[in-house]
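Every chain is named by a letter (A, B, C and D) in the order it is written, and numbering of its residues begins at 1.
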Amino acid sequence: MRLSELAPDVQASVRATRERVARLHAELPANGLVVWTAGNVSERVPGADLFVIKPSGVRYSELSPDNMTVCTLEGEKIDDGTPSSLSPSSDTAAAAYVFRHMPEVGGVVHTHSTYATAFAALHRPIPCVLTMMGDEFGGEVPVGPFAIIGDDSIGRGIVETLRSSRSPAVLMANHGPFTVGKNAEAAVKAAVMVEEVARTVATAQLLGDPVPVAQDHIDALYQRYQNVYGQH
Amino acid sequence: MRLSELAPDVQASVRATRERVARLHAELPANGLVVWTAGNVSERVPGADLFVIKPSGVRYSELSPDNMTVCTLEGEKIDDGTPSSLSPSSDTAAAAYVFRHMPEVGGVVHTHSTYATAFAALHRPIPCVLTMMGDEFGGEVPVGPFAIIGDDSIGRGIVETLRSSRSPAVLMANHGPFTVGKNAEAAVKAAVMVEEVARTVATAQLLGDPVPVAQDHIDALYQRYQNVYGQH
Amino acid sequence: MRLSELAPDVQASVRATRERVARLHAELPANGLVVWTAGNVSERVPGADLFVIKPSGVRYSELSPDNMTVCTLEGEKIDDGTPSSLSPSSDTAAAAYVFRHMPEVGGVVHTHSTYATAFAALHRPIPCVLTMMGDEFGGEVPVGPFAIIGDDSIGRGIVETLRSSRSPAVLMANHGPFTVGKNAEAAVKAAVMVEEVARTVATAQLLGDPVPVAQDHIDALYQRYQNVYGQH
Amino acid sequence: MRLSELAPDVQASVRATRERVARLHAELPANGLVVWTAGNVSERVPGADLFVIKPSGVRYSELSPDNMTVCTLEGEKIDDGTPSSLSPSSDTAAAAYVFRHMPEVGGVVHTHSTYATAFAALHRPIPCVLTMMGDEFGGEVPVGPFAIIGDDSIGRGIVETLRSSRSPAVLMANHGPFTVGKNAEAAVKAAVMVEEVARTVATAQLLGDPVPVAQDHIDALYQRYQNVYGQH
């Protein structure tokens, strides 16, 4: 598939998505979620069976709309104007699986942020001990299975875990957090929030036994928060 | 109530307050107290039964005097020139309750800063083991009750806890710190200091048993500090 | 004493010291050692019985050579051209005591940096488990007595503790670190290094039992390091 | 040996190396790996038996291609145009030993980054509990022997430890991490990654018992990662 041969409105939609995704990558280092090249943002192209994702091995300071790679929902890079030497992120297959199986998801983010990844190394969910977690995650942040790159097992693990939870974040075992949202910005926000609550809950667990929030309070917080625009 | 119909001196006072509050919000991310939109500053308008607070869901980099919302002491947004789609922070009812019941308070700040919130998740006060805590807090930083958004219970919890303490900061259970001051800048300073002492005391508690400061020393530190302008 | 009536070369020396001290204050927030106004740098004026110190209650971003206060070795502010409302730091008496009693000391720094202050809250020295500590501190970083502002007890505690140690840093109990050096820059470096080693050693102590460096190795490291200019 | 008398292509190669090494030093403070002057980068000069290393005692903000020192593989500074008062880093002998004994290594980095150094103070390797560690380190990050400056013992300890491991990083006991790579940039990346995994694994170990990654999975991750360019 060649980008320059697609319908003009699809080309415009790809362009806008590349601009958003390039810009949102800056949030990852700005929020302390990544070092070097270890994290990426992807977003479904509105109106097309395509998504945009970070190129592999390129540092954040060098990202621009022009080097964002464009892939089919099967995870294959199209002829998008970038050099053939520029591969899409090694997490492309996982993101593609999510976009294929969760039509409500418009954005996916993966990081190895420190505290969330520490819970992942323990195969331990982040318990809901903060009202902010009720708001954002509707309960605990769950752990997904151990899986390594090479087939669909990472993508499948993400989708199966998220489907049995209200959380937009999953901690893949020994690996790190993947987050989803209606678009890339929402997935970035979830990546920021999962690290924030992981850091706070880890600190509380080191100091003692944090007090759980009762289920009916979690439900009330989650319902209110999901039904209002904006907060705080 | 329409801002443009208020007396000119009140309009000028609102304007000056909006400028201060917009500017002080920059201190929250600069001091590492917040991520995304998760914290806010509010300040009573001198000479009027109004206060200014952050709009809901707007990121810190987009705040300006013009999008600060203006509310009555009942927590109702007035016709302040901002679009009707822009709601005041979801913490507005809590701030309004504080301004109504604590006339000496001119500023309120709420964050979910990591270490202070970890103590809040444990329902554990921060014990006074630092001379800096004697200076700033006059003793331990107390814990307030568990309360969720929807009625006056957060505001009431803040006020009742602060009234039985010398501390300008309260750790609302499972939620996070609220701080007060004679104006917004003083409340921001208290928000910065409560996270600083929470981080230091948490580290000390993880390593061992920090030594309490004796009550007479706390009293001496607090009296001296509150009666001089400036320090260090 | 009036600055403008002192000999021209003394006035020039005061000016140069004010510039150095104002500039070095920027290192405190840049190195994460302080929040708000909670730390200060002071330096003896070469060729005069005077020293320069931060004014009280002024934020780091507002410091300039012109608002640095000039004091006698008794800790009295001279008529230095700043407004009479601008007081020298509340740590002035402690710094003055050090300058009077340790003629080899040209600079003093005080902070409440997190990890060093956590050790201070425990009344626990930082043990020498790093080669870097052998280099910089010649052994453990010692704890000084509990003392509060109001007389010479802080200054005396600093001096007595430093005299029985090779360390340029002392952790004043429940308070925080004070560091000294041949000039203000050396004292700032010691303040940076004491927090660095406190953070590393605290992390090691939380994880297990760090292995001490043998005394003869400490001695060899310290001798080499103190006799060469520059390192790393 | 005088730089200005070397063949023009060697002089050009030295110049390019100095520019790379000066620029890469900025990554050390930017990634939070160093304070003050406590870390350095060195790189072999392509086409010559020389390497470039940071000058001793110079702060990161003052580094430029012109003050990078040029040394023989014996660790002797050549007449490189810098003042004779400017000595190469005190870690020069260690880097020289590595360059002499590991011809495949083109870059060496040394830091005292907090978490990696905490493991070093415990004489404890960082266990492979993260898929990222399988990728980057091919297993645990090993500990090297205790050694102090003065002979070849640091360099020998680095080389012997790295030779019995797939890891490009070694934690020298009570001292800190040394990392290697095909060039200086790769060694800087390894220095960034070793601190990242040390921080994550330390946090997991404080909270509980992180789950090891099985050896066959480590092997699969390492093989894949080392055979593709770029990642994430």
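Please note the rule applied: contacts are C-beta pairs under 8 Å (C-beta built on N, C-alpha and C of every residue); 3 or more make two chains touch, one makes a residue touch a chain.
By chain, UniProt protein names: A, B, C, D = L-ribulose-5-phosphate 4-epimerase.
For clarity, every value in this text was computed on a predicted model and none was experimentally measured.
Shared touching chains for chain B and chain C?
Joint contacts: the list comes back empty.
Any idea what the CA-fit rotation angle from chain A to chain C is, to the nearest 5 degrees?
Best-fit rotation on C-alpha atoms: 180 degrees.
Distance from the CA centroid of chain A to that of chain C, rounded to the nearest Å?
That pair's centroid distance is 45 Å.
Calculate how many whole Å lie between the centre of chain A and the centre of chain D, each centre taken as the average of the chain's C-alpha atoms.
32
Could you tell me which residues belong to chain D and also touch two or more other chains?
206
Looking only at which chains touch which, which shape fits best: line, ring, star, complete or other?
Topology of touching chains reads as a ring, each chain with two neighbours.
Pairs of chains that touch, anyone?
Inter-chain contacts occur between A-B, A-D, B-C, C-D.
What residues on chain C touch chain B, complex-wise?
For chain C paired with chain B, touching residues are 35-40, 54-58, 87, 89-91, 110, 112, 114-115, 117-119, 121-124, 146, 148-150, 173-176, 202, 205-206.
Using the touch rule from the top, collect the residues of chain C that touch chain D in their complex.
31, 129-132, 189, 192-193, 196, 199-201, 203-204, 206-211, 213, 217, 220-221, 224, 228-232
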